[in-house]
């Protein structure tokens, strides 16, 4: 046991440790900077190996990204499932408070209704295809259909459908917005989950120019803005823009649109039914936009089930409250007007 | 060894990632996007130079005279860890802009084999302070070249049609293999043989 | 903690959470020193020694270590074990030491060890940490053996130095496997196969 | 207590001290073995190229040694040269007997020549060619000498051959001196 070697090495390394310890201790006090406590909570859960395997610069980088909500919760491969679960708990509570959004495809131009104008053989990704003269589709505004959104979706909620249009599984979609940010054509939109009616077209052309390239494109005929009872639709640059606050999800525009450019996310709509309290005043006959009610004046009236779309306009005007909305399959508030 | 040869040797001929396999964890982790690769390379260059100086001085002024050469591993890594933490605090406090671009990569540096690798190689090659600095700069540039080149390839790989089980790391490794093959061509360029 | 779940700590390390092929950490030594089966196992043994040692010591002192300075302390512990194996190898296995070269001291920054120390040993008992360390090392050794064997068989036609391939193969060795590109290529294929096998389960 | 500032610094220093003590012990134990190792390796490599040599006297540190056999009389000299090969310096150890002819040749394993090509310089068939050759005969066939080069590794073969010849030219005078 040669003592002086032991002493020198103990003094050397110990001394160095002392210096570094003191310097860091002082520095941590003098240079302290406040850190978002949720980020600190997530950071405490992370293993701290700083190996960068999650694609973020170290655990602090990843914790900051998770705390700011711009990173999926399961990226820490070193920590594995247990760390992902605890991050979920920390972040879980906060995420609930915000109005849950869902991504919706606002283009119905599949390859069956919107033909291509040239064959694209390059890298199978929308962003690459979009660089080439706006993409192979005749309609340059529409969805290119090469599945970039499906690739970037961290939750696997998007799969490419038969006619080159993405199909979004609303149960898996968490509204993170990766697909919306990634899409070169902007044909994906984050919509509040409670909203049912969405315009499914992004073409700024008018009339024949749209008809030539897509059978279901919005030709800017402005009919929907006239029939909308709540005045929620205003024409901007050849496209009806919907004000989600005003929209009452009645669905009239969906059925009135000549090119069926609106989509109705409700899984089912109710039907109006007139009960015996009807006095035959025919107020509802005049109010119904779809002529779905018939009957002689002052007599019991009847609703033609196949024509009625469950918009609830008749129910609003009936003085005798003789109309009920029945049979909403799996939808929270049928015809808000009711 | 003349200075230019040291620099070129570390930069191209014996690229620290592609030829010496040092620094692979961050290389595959952070090179998913060009932007993070630039940040990482800048941070590596900055810390690698600092680490090379500090480790050289410590080794030749403290460890060798006192015969504590066997402590070099512990001392080097301890100093680098302390250095990185200190630099991070200083940046976070005084240079907010630089910190947001560079700082988040700093903790990643402590477990980066490249930094410690350079300090050891400086000792093995018996470089003086100037040569050590040149070697550190060359290596950092080599690190940057490899990671940025590779990030561009990886971004392109994201979109190309690859079978699901080969997406991500496997295709990245095969890509790295090809880039490394290209770097193999630099062997004994200008007669460099680091 | 019932026995089966403890056994899980060990078993996970080998396949489900294999450090190299699943968690993708500790790549530097894996590619660099798997030039032949014997050297690969030598490296795996060194990593095992350091990982087991550091996991045990870290879990022993975990209740005493102050949080803010735990990384430097873990680093010192790991570097102690690394220096020990460094000098032991230099003294008793000089040939192996010359092959492993700079990668022995580089074990100190190997993501596996610091990662496991932080992610596992800091929060678990000594016995569990030991199991975890042994499991991860076994997993690491398995990958090293596979990589080392494949590269050696291709490049030198031998396995652990014993000729296993016909003479004509040995006269035209696949040198690609010895060079860095071969290592990247090989681990890429292995990772692809692992993805393929675990596609359903993980 | 755990998070108090003093304990933070003390715990760091304590770990360092314990580590330092442990390491100094390991170093103390392994240092002699390592030095012994290095000495043996050198002696082995030197005696390998000059059969019959028992011990060596260093004439120029790390470059030339004069060798004596067990009986104590001169057996020849051994010198080391490091010519620049394809991938970098190659350490070549040459044993020359009292008649001025090469008794044996050793090529270091720490060279950076291409595996499977330049590395072949270490193979016996190439090294044994040098045996019994005097300084003037040490040249490759293509340089109008008698030695076969390693196929597809001319740079390495020429480097080793020229290195040996120049070495012999420089150090042959030691044979005759003291």
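We just call them A, B, C and D in the order they show up, numbering each chain from 1.
Throughout what follows, a contact is a pair of C-beta atoms (placed from the backbone, for glycine too) under 8 Å apart; a residue touches a chain by one contact, two chains touch by 3 or more.
Only a predicted model underlies this, so the values are computations on that prediction, with no experimental measurement involved.
Interface comparison, A-D versus B-C: the pair with the greater number of contacting C-beta pairs is B-C. If you average the Cα atoms of chain A and of chain D, the two centres end up 71 Å apart.
Remark: chain B and chain C have CA centroids separated by 21 Å (rounded to whole angstrom). Rounded to a whole number, the gap between the C-alpha centres of chain C and chain D is 32 angstrom. In terms of their C-alpha centroids, the spacing between chain A and chain B amounts to 42 Å.
Within chain D, contacts with two or more other chains are made by residues 8, 12, 15-16, 19-20, 23-24, 26-27, 114.
Shown for chain C are the residues in touch with two or more other chains, namely 24-25, 68-69, 71-72, 76, 79-80, 83, 87, 111, 114. In chain B, the residues that reach two or more other chains under the touch definition are 25, 28-29, 70-71, 74, 78, 82, 110-111. If you sketch which chains touch which, every chain touches every other chain without exception. Partner chain B is touched in their complex by these residues of chain A: 5, 8-9, 12-13, 16-17, 20, 23-24, 27-28, 31, 33, 49-61, 64, 123-125, 127-128, 148, 151.
Residues 16, 19-20, 23-24, 26-27, 84, 86-89, 112, 114 of chain D touch chain B in their complex. Partner chain D is touched in their complex by these residues of chain C: 64-69, 72-73, 76-77, 79-80, 83-84, 87-88, 90-92, 94, 98, 155, 173, 175, 178.
Looking at the complex, you find that chain B touches chain D at residues 70-71, 74, 78, 187-188, 191, 193-194. Of all residues in chain C, those touching chain A in their complex are 17, 22-25, 68-69, 71-72, 76, 111, 114-115, 118-119.
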